[in-house]
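As structure tokens, here come the structures.
Same chain, two partners: chain A is paired with chain B first, then with chain C.
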Partner chain A sequence: MTSLPNTPPEKRLGLVIDLDACVGCHACAVACKEWNTGGIVAPLSDKNPYQAEQTGAWLNRIHGFEAAAGEGEIGRTAYFPKSCLHCEDAPCVTVCPTGASYKRPEDGIVLVNEDACMGCGLCAWACPYGAREMDPLEGVMKKCTLCVDRIYNETLDPADREPACVAACPTSARHFGDLADPQSAVSKMVAARSGYDLMPEQACRPTNKYLPVRKKQLERMTEQLAAGDTTAEGFFSWLDRALSS
Partner chain B sequence: MDLALNEPTGDTVKTTTCYMCACRCGIKVHLKDGTIRYIEGNKDHPVNKGKLCAKGSAGIMQQYSPARLNKPLRRVGERGSGEFKEIEWDEALDVATGWLARVRATDPRQLAFFTGRDQSQALTGWWAKQFGTPNYAAHGGFCSVNMAVAGIYTVGSSFWEFSEPDWDRTKFFMMLGVAEDHSSNPIKIGIGKLKQRGAKFVSVNPVRTGYSAVADQWVGIRPGRDGLFVLSLVHELLRTRKIDVDYLARYTNAPWLVIDAPGTEDDGLFARNPLGYPLVFDLESEAIVSSGKPVDRPALHGNFMLEDGRKVRPSFELLVRRYLDPCYAPETVAAEIGIDAPVIKSLAAEMAHAAFEQEVVLDIPWTDAWGRQHEQVVGRPVSVHAMRGISAHSNGFHTCRAIHLLQLLLGSIDVPGGYLHKPPYPKSLSSLPRPTGISEQVSRNMPLPGPHLGFPTWPEHLLVDEQGSPARLDRAFSWAAPLAAHGMMHAVITNAWARDPYPIDTLLMYMANMAWNSAMNTTDTIAMLTDKDVRTGEYKIPRIIYSDAFASEMVAYADLVLPDTTFLERWDCISLLDRPISDAHAPADAIRRPVLAPDRDVRPFQDVLLDLGARLGLEGMITGDGKSLYPGGYRDYITNHQRQPGVGSLAGWRGGEGTQRGKGKPNPDQIDRYIENGCFWREELPPSARYLRHANRDYLSYAKEMSFVGSTAPITMNLYSEELQRFRLAAQGHGNTVPPAAERGRIETYFDPLPFWYAPIEETYSRQDDYPLHAITQRPMAMYHSWGSQNAWLRQIHGQNALFMHHDTAAARGIADGDWVWIKSRHRRIKVPVQLVDGVNPHTVWTWNAIGKRSGAWNLAKDASEAKKGFLLNHLIDDLLPKESDRPAASNSDPVTGQAAWYDLRVEIEKAQPEEEAIPEPRFPDIPLYAGLVKPSNELRFGARFRSGH
Partner chain C sequence: MHPAPSIIFFTVMAGAGYGLVIDFCLAVLFLDLVVEPVVGAIIVLAALVFAAAGLSSSLLHLRRPSRARLALSQWRSSWLSREGVSALVTFIPLTALLFCYGLGVETPWLVQAALIASAIGALVTIFCTAMIYASLRSVPSWHQPLVPLLYLLFGLMAGGLILMAILALSGMDIRTIIWPVIAVVLVTWVIKLFYWRGAAGAGLSSPQSATGLAGNLRPLYPPHSEANYLLDEMGFRVGRKHSVKLKRLALILGAAIPCLFLLLAQILSSPGVIASVLAILALLGGMISIFIERWLFFAEAKHTVMLYYEDALAGSTSR
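Right after this comes the complex of A and B.
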């Protein structure tokens, strides 16, 4: 078994994902794959890339589903991007028999030390979110690193020091920051939009937050505009007044 | 843990322009030891502002695809067998030159040159013009030509390419029929802005995926009914008097007087003074006066008489009388369009509320085209974007005209919060070219005297002979499709095979997968490509040259294959002469540059075209002593070619010193300046030139200086289209150029000067009782066209498709999720798997386009999911309408513009029998591995060598 940090991390870096703006385009998923297949967890392997039963390691996946209309509701199509939520009480860490899984005390990021990983897959069983990825060729566990090799990378322009998924997201549905700091932009966003924990009953205390779909602006203009005369002559008499005013 | 947190991304970074779809986003390509490490969006770039879509990030896998062609190929087996031998470029170019030189010396029309997703049309079109064939176009005929033409003939610009919603200020945004791929990043960025501002977003679409999923309101319309829906909104705005009368009087032809003289040659035309200016009735002076000077209070209705006694009425009177008719009332149309009347009324009321109660007033002083000063710009913050669901129907031209008419009534064209033109648009119809290509303009070994494509405004501009027969192989600009401004690529193979209107010798195609997902009627298209004349044993289409970078299905049908490079291995220009990357307030253009050298024996098609041009001795491509004028290939051409003195491919850094833009001598260092600037040029307009540009003096002066327009005269927007009326009069027998008798009824019906709605033409033949369902397609956001399906990453996201069907529609037919079904159209039937959903109009079924692949194509394994489970709907779509007794079979197209009507499809669906195999039908023989290709490994560890310490 592996221990979590004794004291809560000073920073809690994570993502805030706006489900009201996610159009399911997969930009974040492919940007993640692209960055990380050449980064500190490289490669994110693909098995049967050009054959039947193609599969590969992806640290971020987008699930699309339909929510049927309930009583007094309208049905909707929803997209749900999912990656490691960097939990405070991360069961994937405590379950790890070799100490390969660990949570960084300085920023709360959960990582895997591949040299110590024996590919037993216990962490994937323990994670209630299904956010871990067994690399199909390498036989070690891969997971979201929050682009730790970007966010602190001094060779990058400061504006680029954010996870690849956040940089790519065309609708700006993804945000990165310190959720331990109530003054951070992401914390304010969570407060303003009632951001929530995914599956709080699992008691993992995830760092990442989701912003719910906004109340749809469906209120009809109940007060229909004054019924006009539908004769052309009625219209033209109005028109003469409109033009001369 | 000691982590390598400060690794540089790569050792080199190069900017260029993406080509994974048609958006042309700016990218930064990071290279490490000569291999691509990472592609990211360029934050400085006007199109994507640093964002990048799934396709863009997967550009790496496109670059290293095992489906890349390696070397020129010459067919050795039967056409379609896929049996080739590799040849050297010298031989390939000799063969091509031989074929083309003979055609040019005998009958240049016998070369048909059509390009698909070509982003170098300014070059390819010019090359075809210099060759002298009238038979050239790109893919616009099956993309959105009806919308492009509707826009140009109505407001002087068009959706997508030449306009955009004012994402920063709009308060009510309605998206009509936008499939997920158009246009990728700009629309997503815009929707993100609407979300942040809380503007209302309505999506009118039979399918509730993608953008529609995040809309505030999804309106699940029946396909092909958008025109009726929009005209019902128009009815509501007129009924409730919510229109911008001043805007209409000032900027549109609403006051222009229309001659009311049925049966005469002038009926329905504008009354004009001897100088040609349309006449209006001035309420102040109570006289008929010229519209050449501004008239503050023109009559918008009433009956007037010209000096010669002819009766006239303002065009707006005709408009009002038409759309106030109860046939457009929401209650009348609700059942047909599948939207409840209160919803239609509510949307009209919301639009009116945004336009007139929430107007945006900007304190921007500006001067109108008549020299009058204004202190403010008033905006009507209602905007619309429309695309595929409008364009792919045979009623799309009039539907798109209706959308623009709606915007004009609200006064929301080129105002803050509305629809904004993108420079070099708006343009007036009078300044645009007319098509070229009648037989008198085609001569052996001579260029055409003008451009192929243009905008006819009189019947005399058509490319027909005295009998009314078409001059072009595809029948574009004939009476079959008079305003076919982008050509009709979808008709080329059928017509060439049928030798009707005439036979051709050589078909040259580029980036167009016509033997698979780019054709309507794929099964028959494949048969036509391989059909032989029984007497001679020759192929009916004698020679086919094809250029593609990848092992597409179409390659198998070529006699000679010219392998292209990837987009990361070549020069390109995204030109203001073609389809630029301007945004509303800044003209812009861009280049693509090689970030890698090809590791194969392939050449950029644009270089090859210039090389062939020099070998053929084409004017403009050779020097006086017969040498190539552009020995440096396309890069050389981009820098040095001038379309007219001072105007070339790129607008930035022109002139000897590179200090001019728009016009100026070629600058030998121009491309270096582009590279220094991130591979694009952009020039922001001053605030005074940003709105109401059809009548904005500062803008029009700028546009003239830049050669965007020919004069600074204001551009009047056309609610009423006199141009269409001219064609209708010809159909009534007036004038010297009249349609053949068999075409007259069609022309008279469809050339209505005011937009109208008619059911998609296919529905005349596919009756509701037999084919009760609409069948449509869209491409997913993460995949574009067939070029994406070979991509190792993208095919893990979309590796197969299913037919999406509403639960209720399926239940009524005893169909369950996962069943295999037969889809039947009047043309053919196909067998496919089904997936049940709720988010679709119940009268509609749909699927992802171009995911299904032919077995063996694209160097995918023969049992790949794309071939074993994926399918194409295209087989069901007839490219021709049934023959009528009095006229030959017409193209399955919009009758005004020739736009392919592939969303008109009607089908019925029945469950497959239990004993039938769970595999899509029809099946085609496997495509073998093309010569020079190597079967890929089933393991990919891309990037492993980039890892620090490995």
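Right after this comes the complex of A and C.
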């Protein structure tokens, strides 16, 4: 049934993505493509892979934005990885006419049963985030599985039982865990850094959270100077007082 | 959104077929329309052909059409599934009605029951078709109550024009139903104009809410160097380029021509060749206008995912 689970899942497995740490290297997207073209959603195919006009299904896309570049503002470059957010109220699941799309009651992961997908594409239309892509050769919908074939995979070393994108990230910008458990590392991180939802107004209640950019050193210094903050310590405190007298 | 020909044909033709069923039922019940069994059979057959053509076309949109039967399973949650179930279930009373007229069954209650059941099924089907689109919050211009209303009205308009053409061709006096059909045509386009005015609205989301990044955002590094499924499906822009001209054309073909020709038929009175030609021209204009309207419905609709690509495609009119 493509109805959503009646009771909130016990676990809400998802990702926390730190926009302050992401350097836009695309390693997560490449690792995702590599794992998932061999994992349970295999093949994750490409059309014309080694020639012009290539196109293919990817489950993770990294945008680069220039943010706050208005007059008098400090401009910055923001890298923005985007994959399925495994929403609580996933509209992609309820629109599915065949029963291929489903949300797992046990851990909240949204998956596609490829044997039941007829490739109508309505789920991709229903997702406001653009998290689903049609496989150009298979003709079925592909999406992030949260590497369900890694995180529960007992043949892997316990340290490797995390999504491929998380394992690949060189700057630890991606974190994986249970967001229903307030004591989990990811939940604590979200609480400490004011993690937020993408497009809360779309009422999908996404599981994945994004951590905002920290106030930059420069901004902090500018603020301190403006506030006349001269709380030096130790030798400099003595020097400050001596020179001021 | 990408205006897929298979989906445009599906919504227009199925809407016309099921609209014809509702129009015919209303005309028989409230306008005292009495038809020969042969004419009744032709009307029902026409409705079945339109509906079947539309539904078959929808299968062309599927990448895996062999699995289409599964689409009837999720009616509890999915409007697309409900549409499929309702469209097929409506074929039962419609087929019964076809047999009644075809075999000359004169039992009035049986014909009426089949007629009313068909009309209710048709109404539900058109509503479900519209809700496939109106239920998507991710496409702000579709996510409004006007969408199901307009799908119903365009179905009734197309059905009314088909009904007129069939009645005129079979030599019947169409003057009793001309005014109601003109009224439907006018109401439909007034509400469509209202939709066109408001559809350009911004919607709930912005690049800022989509990313959580503050201030002006400008795409700097695209996430992919080549086209992808998201841009093919949701990055269509030609619609906005030609929309003013197309809307004018739709209004001429869909509102002015049918109203003018039907009024002429009313004035020239007497059934015959002239009335038939006028009714057929009104139908042709009406159907072409609905195809244009439906193309714009898809081509002009903007999906929230484009907030992540905003300006990346600005100036590009090839998508």
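Heads up, the rule we're going with is that the second predicted complex is superposed on the first by the 213 of 245 C-alpha atoms of A that agree within 3 Å, B and C clash if a C-alpha of one lies under 4 Å from a C-alpha of the other, contacts with A are read in each partner's own complex, and residues count from 1 in each chain.
FYI, a residue touches a chain if its C-beta (ideal position, glycine included) is under 8 Å from a C-beta of that chain, and two chains touch if they have at least 3 such contacts.
Keep in mind that this is a model prediction, so the values were computed, not measured.
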Touched partner set for A:Asp149, first chain B, second chain C, both or neither: first
Partner chain(s) touched by A:Gln202 [first = chain B, second = chain C, both, neither]: second
Partner chain(s) touched by A:Thr55 [first = chain B, second = chain C, both, neither]: both
Which superposed partner A:Trp35 touches (first chain B, second chain C, both, neither): first
Chain B versus chain C as contact partner of A:Ala68, first or second or both or neither: both
Per-residue contact with chain A, leading partner among chain C and chain B: B
Contacts of A:Thr77 with chain B and chain C, given as first, second, both or neither: both
Touched partner set for A:Ala242, first chain B, second chain C, both or neither: first
Contacts of A:Asp18 with chain B and chain C, given as first, second, both or neither: first
Partner chain in contact with A:Tyr102 - chain B first, chain C second, else both or neither: first
Those residues of chain A which chain B touches in one complex and chain C touches in the other: 24, 53-56, 58, 64, 66, 68-69, 77-79
Chain A residues within the chain B interface of the complex: 18, 20-27, 29-31, 33-35, 37-40, 42-56, 58, 64, 66, 68-69, 75-79, 102, 111, 113, 137-138, 148-149, 152-156, 159-160, 164, 167-173, 214, 216-218, 220-221, 224-228, 230-232, 235-236, 238-239, 242-244
In the complex with chain A, residue positions of chain C that touch it: 1, 61-68, 70-74, 76-81, 84, 132, 135-139, 204-205, 209-224, 226-230, 232-234, 303-305, 308
Of all residues in chain A, those that touch chain C in their complex: 1-4, 19, 24, 53-58, 61-70, 73, 77-80, 82, 91, 93-100, 116-122, 124-130, 133-134, 136, 139-140, 196, 198-203, 210, 212-213
In the complex, chain B residues that touch chain A: 1, 3-9, 32, 37-41, 43, 48, 50-58, 60, 66, 180, 184-185, 188-189, 191-192, 195-196, 198, 200, 208-214, 216-217, 238-242, 245-246, 249, 283, 297, 300-302, 317, 320-321, 324, 326, 329, 342-343, 345-346, 348-350, 352-353, 781-782, 790, 792-797, 799, 837-839, 859-861, 863-865, 868, 936, 938-944, 946-948, 950
